[in-house]
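First the structure, which I've put down as structure tokens, then a few questions once you've had a look.
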């Protein structure tokens, strides 16, 4: 399974991502999920970014919250709505909104 | 004649949001989907409770007595009555110290023939691999 | 070109999940995909006509009408809407109301399904 | 005997916070306290008349009418209601609609305030 | 300050309780907060129960979820709506819903 | 002539729920509460951002450009314009690596005379002790 997982919250109340082990995984950070890409607490980046996955963050949702490209961790790619459409149609076969 | 398989994954406990119940009612709607499709085409819906979602399966829920609200337990029984495949993650039950005796297993009183299946997470992973689309609640 | 079915259960006001769903639907359509949008639960608020355009609240009637004119297929869960006091006569023109089987039927020939449920 | 002001922002359907608020209000009144109930945000759904009594959903019109008859003072945020398509003509009889200052005024002489906001 | 704090969720997404240090504190477990009173994960009770506070759990919300007195940890008292009214009027001067 | 003091505590980030904005709009409503009260009686509202709630205070929020929605930043500026006391927890800003340069501090462009106060949590505790009622969002 090739899974595109959307994370829309900063304090996740589910541990589903820890259980899934798809052949290919990306994590698309949207809404308050964008804080995983930008926030360091006491200097440490979000533990979510340590997973084996490709990471993306939606530019619209960064900028809505006063954040931008310069705030984003190195292993997260900043993308647009158009990129999300292409990712889910071309590179993944299933989606999960967590 | 084709089949589209859906996997409904319930990850959260009930009563705090409508989502776990909506998962069940939407899955049940697979039974009446034919009106929109060509003859022979079907949509199937499997339901899996994982993580804190297994707390939805506790039996003896008194929501109707106390809040005049259909319990999630009753919704699960309805899905058994309609022959849906309902899976509950064994590892998560174990984590909470729950056994098959603590959860809804059958709906014999309504004449349901299928039962809830307590399965290891690997079986739920297999279901997730086999379906065409996943819906997380 | 493919078909995307989006389901969204979140309220019009507050979570911005419906804003996300409508923007994603519009973008997919611009790229030539067919899009079905299903709203259920508190998401049925999206279906009401005459939404007040307070700037403090999401107001999606405008963008939604544009997308419907371009072929967006959008349906609300009838029981969920009724339970919230949203009746047929308050529903935006072109916004369909059906039971939940409509959503499942839409997934039948969908290439991708994005179900926005978590909260 | 004292006065309790309860504010609730959660939707009628789903979270059961309004069920909690109405039960607590009723219990406090039985014990001789005066209760003001304020609903704002998605909580304004509580104000609609003709709620459909589906057993799958919370249905609080009945208990609420009983409590109003016994003196419960209940008010919805007008702007929040309008933003959700709940207009004056759809409002339950006796259910007031005011701007947010009503809630703050209610706290002025309240002995206790329980604000149910978190989600 | 004498604070009656309501906890209505199992996976709390705020850490406010860790910061507050009122003269007197009780934690009233309602809605899905009742799982703090009943749930042991891998044998361990909820860390919330280790705080210095008086603990209460609402019987209606236990029973709604298929739980009862027998499931409740020893340091949590099972109470009714009527008890909640008395607690907040008679023993505490402020409330917090977290 | 009496005063009732309220403390509005915002503990969560914005845009996921309406609550942080409703906290601000309700606090602002303290300015028009007199119509319901006797002359001289007042209700005051202090606002404190703590925990993840401090993320609401980030400046340059583009919610209007991108989603046609008033930003939480604008709401905070409105509360300054109406002379509300707005506190932001310094320890939480530190935890996120944010400084006064990163957050809304004033609303000079609207003519506001008061500014946001970045204060240690002990000052917020003191406010919580002093008010008559607390409202957590």
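Should a chain be cited, it is by its letter among A, B, C, D, E and F, assigned in written order, with residues numbered from 1 in that chain.
Just so it is clear, contacts are C-beta pairs under 8 Å (C-beta built on N, C-alpha and C of every residue); 3 or more make two chains touch, one makes a residue touch a chain.
Remember, it's a predicted structure, so these values are computed and weren't measured experimentally.
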item	value
Labels of chains that are neighbours to subunit C and to subunit E	A, B, D, F
Chain-contact steps, minimal, separating subunit F from subunit A	1
Most widely separated chain from subunit D, with each centre as the mean of CA atoms	A
Selected interface, B-C versus B-E, where C-beta contact pairs are more numerous	B-C
Homomeric contact subunit C-subunit D: same or different residue positions, threshold half	same
Most remote chain, CA-based centroid, reference being subunit F	B
Whole-Å gap between the CA centroids of subunit A and subunit D	38
Cα-centroid distance, subunit C relative to subunit F, in whole angstrom	33
Whole-Å gap between the CA centroids of subunit D and subunit F	25
Multi-partner residues of subunit C (at least 2 other chains)	13-16, 41-42, 56-57, 112-113, 115, 117-118
Of all residues in subunit E, the ones touching two or more other chains	8-9, 11, 13-14, 31, 60, 95, 97-98
In subunit F, residues with contacts to at least two other chains	11-12, 15-19, 25, 52, 67, 133-134, 136
Complete list of chain pairs which touch one another	A-B, A-C, A-E, A-F, B-C, B-D, B-E, C-D, C-F, D-E, D-F, E-F
Complex contact set, residues of subunit D against subunit F	7, 9, 40-42, 99-105, 107-110, 112-113, 115, 117-119
Subunit C partner contacts - residues on subunit B that touch it in the complex	2, 4, 6, 11-12, 17-19, 22-23, 25-26, 28-30, 32-33, 35-37, 41, 43, 45, 132-137
Of all residues in subunit B, those that touch subunit E in their complex	13-16, 52, 55, 58-63, 65-67, 71, 73, 95-97, 102
Residues of subunit A defined as touching subunit E within the complex	9, 11, 13
Complex interface listing, subunit A residues touching subunit B	1, 3, 13-16, 19-21, 94-98
